[in-house]
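By written order: A, B, C and D. Residues from 1 in each chain.
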Amino acid sequence: MIILNGGSSSGKTGIVRCLQDVLPEPWLAFGVDSFVDALPAKLQASDAGLDIAADGTVNVGAEFRALEAAWTEGIVAMARAGARIVVDDVFLGGAASQRRWQEALGQVGEVGVLWVGVRCDSAVAAGRETARGDRIRGMAAQQADAVHEGVVYDLEVDTTNTESLVCAHTIAAKVR
Amino acid sequence: MIILNGGSSSGKTGIVRCLQDVLPEPWLAFGVDSFVDALPAKLQASDAGLDIAADGTVNVGAEFRALEAAWTEGIVAMARAGARIVVDDVFLGGAASQRRWQEALGQVGEVGVLWVGVRCDSAVAAGRETARGDRIRGMAAQQADAVHEGVVYDLEVDTTNTESLVCAHTIAAKVR
Amino acid sequence: MIILNGGSSSGKTGIVRCLQDVLPEPWLAFGVDSFVDALPAKLQASDAGLDIAADGTVNVGAEFRALEAAWTEGIVAMARAGARIVVDDVFLGGAASQRRWQEALGQVGEVGVLWVGVRCDSAVAAGRETARGDRIRGMAAQQADAVHEGVVYDLEVDTTNTESLVCAHTIAAKVR
Amino acid sequence: MIILNGGSSSGKTGIVRCLQDVLPEPWLAFGVDSFVDALPAKLQASDAGLDIAADGTVNVGAEFRALEAAWTEGIVAMARAGARIVVDDVFLGGAASQRRWQEALGQVGEVGVLWVGVRCDSAVAAGRETARGDRIRGMAAQQADAVHEGVVYDLEVDTTNTESLVCAHTIAAKVR
């Protein structure tokens, strides 16, 4: 299992697609975006679910957290059942978010994990947020550093000046 | 857990979205589309993975099947961890596909399942496939009846003349 | 040129895709959705541009109107240059919106137009809005009747109980 | 009017979105992607329309060309009607493609145009094509240099080592 953590617009998804291309075995990709897509629409703009303010501040409520915990266990179960899994997540809680994954991994057994930090300069990430055009502005800048606080990695990549494909090759070299 | 089975363009996704709106508790939605999105791009047009011929015939290879089995176990694990889950699937193997889910459900314990067949007249589904514009043509007609062969349901709905929201209310009444 | 008018979630886009499939000659499709996609993101939630309230009420501002007028002239110019064009629009202003198209058509000359009203029962359209999951709720119900006020058609179709493809065949029969 | 020309995955769309954000007045954005979306599905994989081979080679047929000519005239007509327009195109024919725009511009009068070349190192563009995951592979490498052959620009930007937002500021400075 590979778990990538990085702020919004730091380039996680591009790296994941390149990893899926570069790695010789097939890897399944899941992440915070596919989890949010699985939520009821009515939870996607609510206090109990996911709320993204006009300035990009993200708040998640109790129902989001409960479903996310079950989802995390399920993703780990897929890995335990033999699938190679790459996850891209946004550790809004920093070290606490990492601990959530570690606990799920501990519950179900010996799944090896490569922890990867995806960094990107805050201003550059904010510019890419503008270029994407599909995100509420402000998330990139707010999350750029905060999501890494207290998180421990096996490997860090920085997309500020390095292409997704190059980052993917660096990560893939560690996987083998 | 609710498992909907129906051919391509039979209206499963619309029913799922309505179910997520109608059911008072939050339900996570997964399905064959989100599974395929999780695959490496290089498996999405390959013998080992997923191959959709120009006439809409779908073939899945060994790597697809192996990853799908792990995915299925993971989805069941999410349900076992307490999440309410609605799955929409296309039972290309009919009864054999249902058995695959049943075995995964058996492995991890007492998750209650409501099996729902989503039927749609073949010609109507083919017309909706044209109206969607994002599917290879022919899938709807080929799958309309085949996916139901030998499958046992708790409930069947038919979208030929019934709106998604009405079907969702029928299903939701069985859930409570 | 074919101009379809109907409320949100009345089924215009599905009819357009079917028309493009059914009509023997190639037709280009444009409409309010592609126009909105062409706007700057910053106009998509603003007083000067497009503002969709939480209850689905749509307000358009002066800059939206100015750009829309130029866009309308350009679409008509494409038709005048020989392209077959099908437009799907939402006449928020009813008869006044139709007049806007008529004036643009008048300016550039003899482009034949087939005016088509796309009706859908308000409650059914609202249900389909839920099933789509990608629209702010309330638009369908608010627009279902309002957009047809005072508008004169060559042909009306009703998607409440008629499939998109059948509606398309009805329209195509009038085109030939 | 601003016309950007560059190969697939050279970063045109990101620059366009940034331009729409950076420029103080509202600009409408159109391009080859929105044109292709307007085509009938049946022209999107055909000899008469658009055909993209498995190696990324793009061929366009007579019907595509005829509709594209009308579309070009319509886009110019929008500009002539007062809209600020930014177009991103792929000059598959190099200088001949530029001439096509120049002729359309000539027909309708004094619309000022800023011609912008968007360059990107071929290998880098190919890597970004992998990271996007939604394009047939090979287009980026094949088009990287070919689309610029014989084309004359007012300004060139290179996204190999420069962010979209920075390129947009460079272009915007020329617009004012």
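Convention: a residue touches a chain if its C-beta (ideal position, glycine included) is under 8 Å from a C-beta of that chain, and two chains touch if they have at least 3 such contacts.
By chain, with names taken from UniProt: A, B, C, D = O-phosphotransferase.
Note that the structure is predicted; figures quoted are calculated from it, not measured.
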**Message:** If I rank B-C and C-D by number of C-beta contact pairs, which comes first?
**Reply:** C-D
**Most distant chain from subunit C, judged by the mean position of its C-alpha atoms** = A
**Request:** Please work out the Cα centroid separation of subunit A and subunit C, and write it as a whole number of Å.
**Result:** 39
**Request:** Averaging only over C-alpha atoms, locate the centres of subunit B and subunit C and give their separation in whole Å.
**Result:** 32
**Request:** Please report how many Å separate the Cα centroid of subunit C from that of subunit D, as a whole number.
**Result:** 27
**Request:** Quick one: which residues in subunit B touch 2 or more of the other chains?
**Result:** 17, 21, 41, 133
**Request:** Sort out for me which residues of subunit B touch subunit C in the complex.
**Result:** 13-15, 17-18, 21, 124, 127-128, 130-133, 161, 163-166
**Prompt:** Contact residues on subunit A for subunit B in the complex?
**Reply:** 17, 20-21, 26-30, 34, 37-43, 48-49, 63, 66-67, 69-71, 73-79, 81-83
